[in-house]
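Residue numbering begins at 1 within each chain, and the chains themselves are lettered A, B, C, D, E and F in the order written.
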Amino acid sequence: MNRPSGRAPDQLRQIRITRNYTKHAEGSVLVEFGDTKVICTVSIENGVPRFLKGQGQGWLTAEYGMLPRATGERNQREASRGKQGGRTLEIQRLIGRSLRAALDMSKLGEITLYVDCDVIQADGGTRTASITGAMVALVDALRVLKKRGGLKGGDPLKQLISAVSVGIYKGEPVLDLDYLEDSAAETDLNVVMTDSGGFIEVQGTAEGEPFHPEALAAMLDLARKGMAELVELQRAALAD
Amino acid sequence: MNRPSGRAPDQLRQIRITRNYTKHAEGSVLVEFGDTKVICTVSIENGVPRFLKGQGQGWLTAEYGMLPRATGERNQREASRGKQGGRTLEIQRLIGRSLRAALDMSKLGEITLYVDCDVIQADGGTRTASITGAMVALVDALRVLKKRGGLKGGDPLKQLISAVSVGIYKGEPVLDLDYLEDSAAETDLNVVMTDSGGFIEVQGTAEGEPFHPEALAAMLDLARKGMAELVELQRAALAD
Amino acid sequence: MNRPSGRAPDQLRQIRITRNYTKHAEGSVLVEFGDTKVICTVSIENGVPRFLKGQGQGWLTAEYGMLPRATGERNQREASRGKQGGRTLEIQRLIGRSLRAALDMSKLGEITLYVDCDVIQADGGTRTASITGAMVALVDALRVLKKRGGLKGGDPLKQLISAVSVGIYKGEPVLDLDYLEDSAAETDLNVVMTDSGGFIEVQGTAEGEPFHPEALAAMLDLARKGMAELVELQRAALAD
Amino acid sequence: MNRPSGRAPDQLRQIRITRNYTKHAEGSVLVEFGDTKVICTVSIENGVPRFLKGQGQGWLTAEYGMLPRATGERNQREASRGKQGGRTLEIQRLIGRSLRAALDMSKLGEITLYVDCDVIQADGGTRTASITGAMVALVDALRVLKKRGGLKGGDPLKQLISAVSVGIYKGEPVLDLDYLEDSAAETDLNVVMTDSGGFIEVQGTAEGEPFHPEALAAMLDLARKGMAELVELQRAALAD
Amino acid sequence: MNRPSGRAPDQLRQIRITRNYTKHAEGSVLVEFGDTKVICTVSIENGVPRFLKGQGQGWLTAEYGMLPRATGERNQREASRGKQGGRTLEIQRLIGRSLRAALDMSKLGEITLYVDCDVIQADGGTRTASITGAMVALVDALRVLKKRGGLKGGDPLKQLISAVSVGIYKGEPVLDLDYLEDSAAETDLNVVMTDSGGFIEVQGTAEGEPFHPEALAAMLDLARKGMAELVELQRAALAD
Amino acid sequence: MNRPSGRAPDQLRQIRITRNYTKHAEGSVLVEFGDTKVICTVSIENGVPRFLKGQGQGWLTAEYGMLPRATGERNQREASRGKQGGRTLEIQRLIGRSLRAALDMSKLGEITLYVDCDVIQADGGTRTASITGAMVALVDALRVLKKRGGLKGGDPLKQLISAVSVGIYKGEPVLDLDYLEDSAAETDLNVVMTDSGGFIEVQGTAEGEPFHPEALAAMLDLARKGMAELVELQRAALAD
């Protein structure tokens, strides 16, 4: 089998995690999965949404966007269309759920962490790159919060979270699909995991033919392998 | 283990599929999964979305809604809020993708099938009930289309699609969660399958603790068992 | 004269009022005027709109919607269009004004009653069916409120309200127009009355030729006759 | 009985109709019912809405607005709120229906007449003043259309339309309510009539107690009297 | 050179400032620059925007609109389009900034002044006419505020503000462009000044060819001359 | 005088122009004015807006956005607020007008150039950096267009456009204000010029005290000086 990129089936693209990418946010990361590039920032604000008020716990919420020309053809700017599309809302709900699994909200105090993932160049896998990069920005923001004296209840970080896509491309399971593979894949599976190997989210879609339990198992194996590498890369970035 | 409903872990709720529920739509079904009740209609319109024009094939799109008081507490009407929420958009995208897997679009001609799933009473599992019920309404609409002489290219129906939720409740895998189970489940998995047992969608979310491959396998087994029953119920309804 | 349905000019369609139609709402009625079917729910919420705060009185507000395929041709879903149309707003304002006439707001306490009327099948007269059905759901909600100990100021129910349409069809006044009659009528009059025969709303529109006082008087007579029957049906339903 | 303005029960406010009030529109009228002042313009545009295309007939549509400080307290500008309120939509639908009754659309050709009624000062009765004033602007626009050679099918003007409000104030029927009367009236009735005395619209609302057939008859009598004067004023204005 | 209106290059159009134009607002002016006519009202409301709360100072904000047929061709009503256009927002931001320069906010107390400028007839220069007219309405509103005992901290009025457009038309600098000139001008400059001759805003745009410092200087000279006359007219109007 | 950055009054920040910053767009530039960083892309699309159809000429339109945390405090994402703010619309109108001055539209053919300026880090002067950077991306896009054989009518590029802000800071004119200066400046002036020294836009605002002709002249001199350097930097970047 030939992947368009020449990668082995279980090979990630080149991953780069650049911390402190912009200067204002409490956490700011540029994450690159090959040609997919996402700016992930985490902002700390006092207060929580209404449904949590007075419970002494914190919250994390995520938003996702794409620059209009992050893709091969220009997409209309959502701000000028006047609403976010279904795909955007679906992705930002996924990012939020995934990163909340990293935290013990009761130790945050009544603050809200805003995660913003903005794709400046897209080449497949933007949602999984967003989660993986934003996780690093989140740790940086928690460090800022601690320095400001804001974490009196102990460390809210329970575990690192990372994410990767896997799929069946030309009949074979492959790891970390780029755009060319993604648009031709028979099956597409996004996996979000903890650093100890548990699943947080598993979202698989048959693009043409249905898939079967064996294919699912093979894809999940690949995801686990990729995730182990991603967690190492996150840890290395955070150790710098 | 005790399910709140007293059901066995692998037991579906009482499923009812009532065809011709309203009189105007080409396909109209009331589907009930226990106390979850959804009106599913399929409407036939000439023409296709712009991105498909001139290709001689058809399209299917889905919309989902809930009456404001379908739930325990009243939700604000999305029409008066001025937009559909993220959950609504996520669900209607899932319904659309799932039902498109039932059809060979090239045999439809340039028509659009609008699937509307409106929840009149919610008790958990509204998205999977919607898919299962709308599948039956879709077959009815295809029959109308055929009668009108609209299917000259052959039968576009490739397979029946059905859907069910499974989860881990109090540490044990259970089939077809109702609201009480759903809100307490550790893991929630929505599965969409073909009548020959292939997966179309697998969407699993850890609500608290991460889940592991064995739990996933156990849930998928339950889903397969439930789906076999659902397909029988769909066939029986269509045979009336 | 022949009405398309074969009814006598002063004959209502078959009216059915089914209480407790869905399980969550404090009041829930399915009302049927022939083939027109509307789910009417009444929900109780604490608090009142800002303009009433601190005055010790309650409020009632209504919303109206139609499932997209309640009609012969599918209408675009208002939630996905991003706004409610003029017809919808006009009808829900009418429903709200009409039902507020049933209540002494000063005896409700600072609560808001949300009336939701959702048409699942339309065949003419949806606004008048909505008012007639929602009145019954409103009484049920007041009974719930009383059971919860919420009506210490006495019974807020002043009177029953019902509504019916009348019109001039093929030159003759007829009661309770169905869709075929409605779309061909020269004049269309919606009347809302109290159970003691007073008018709450009278809304008449000439569709083609202007109408004259004698026609108006004849239509109002028919309305009064119909209303007497409707009040009996409401009372019978509430007595079950 | 004392009306706040000292008028007799059957006395209109001072009515002024100023034609050619602004210079760009094909018809432009400032109409004053006492302190209620409305600018009514009629604009001619080629083409008709989609549902009428190719049928060789014209259309008339109306929009209504209020300057934010037309009233005693400033209202939020609808353009900045991002939507027109229910009251606005209800009124502009009424204006449109009423003025369409003045025309034989088949003689207009495929053009659209846009009627804009903008209240610059409000003191009760803005919708009826709008209809009465816009009728005059509509005749002016038809004259322009004729001069431009646009009315080859004959005169589309069937009749003049005018409108007035009547009500029960302190137990007595009164004509042409101003704001003080309107806000204290027991019943409020808007009547739209043709110049030959036929009804186009009758919209009555009980504000507190229900009203009875005799009160309705008395109000309609007053309306007819007022309308005869209004038609004279319209004719006089058009004769200048 | 011939201006279409026959005016001298440094000649203003006929300016009229009519105070108390409508009766409800605390300040209400009809301002006319030739055929450009704008209703300017100023409304006083208690409270300030959130970002100013508790600071003991006031605020002024402006909104701008045009009646749909204020112009040669009808523009779609912004309220029915559901949003204000970029031109509208740009102009109302300019009006607000300009008029805030007239006031010492710390002497207003926690109130908000709403300035509404609504163009009823447009013939070029609507934004500068709006500022010039609203300035007069603002003084009237301050007088009302003082009468109500609301200005205990001293007079908040620092200076009068006025505005005018200048431009290069057929190669020559001209003052106060009307629509015919504006649409053919090579350069268009809006100037806002204080009554002592300082600049508040200078906004120049090359429509075709770039302009040069000498042209800018010549236009600013014209603006200064026009402004001196406008301030006199404002003072005369306020002295009546 | 001390500028917070230690720069001389007539000294630009460090300017960097990185071409081909992202891979999909026909022109893509990262422009940096010190810590202000903007991604500018130019996309080519066939067709023109409706008002230009059939005239054989092209069009250029611009959109502007900021990542939510480009600034010291997070701003709500405009896509999730559902509309672009007044400041955004004002800036993107300025960018569009400025860049259209660079082109002879009649030589473009019926294509539209979409300019997207997205601020990833803000430190003052984002609109002028956007114009300066987008100008370079525009030249790149024209080169692509030419390579594709799309410029048969000759070179549409008339001149280079650049922009810079100047202001009065602590009483002295300074060039290229950063955020600290901008928020404390008495006067703020944005200038857009051609490479031969003509003005395209001059937009000056007094933040507190009015400014006078001498200050304006001094600022324009500084702007001219800065612009000469900016044009050199644009040319150097384009020569690489």
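We adopt the following convention: a contact is a pair of C-beta atoms (placed from the backbone, for glycine too) under 8 Å apart; a residue touches a chain by one contact, two chains touch by 3 or more.
Chain by chain, the UniProt names read as follows: A, B, C, D, E, F = Ribonuclease PH.
None of the values given here were measured: they were computed from a predicted structure.
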Path length in steps (a step moves to a chain that is touched) from chain D (Ribonuclease PH) to chain F (Ribonuclease PH): 2
Chain located farthest away, centre of chain B (Ribonuclease PH) as origin (C-alpha): E
Chain centre separation (chain C (Ribonuclease PH), chain D (Ribonuclease PH); CA means) in Å: 28
Separation of chain A (Ribonuclease PH) from chain C (Ribonuclease PH), taking each centre as the mean of its C-alpha atoms, in whole Å: 50
For chain C (Ribonuclease PH) paired with chain F (Ribonuclease PH), centre-to-centre distance based on mean C-alpha positions, whole Å: 59
Shared interface positions of chain B (Ribonuclease PH), touching two or more other chains: 82-83
Going round from chain C (Ribonuclease PH), first to chain D (Ribonuclease PH): chain order: C, D, E, F, A, B
For the chain B (Ribonuclease PH) and chain C (Ribonuclease PH) complex, residues of the former touching the latter: 22-25, 28, 35, 37, 39, 41, 43, 45, 63, 65, 67-72, 74, 77-84, 88, 114, 116, 118, 120-122
Touching residues (chain side chain C (Ribonuclease PH), partner chain D (Ribonuclease PH)) in the complex: 83, 85-87, 89-90, 92-93, 97, 101, 189, 193-194, 196-206, 209-213, 216-217, 220
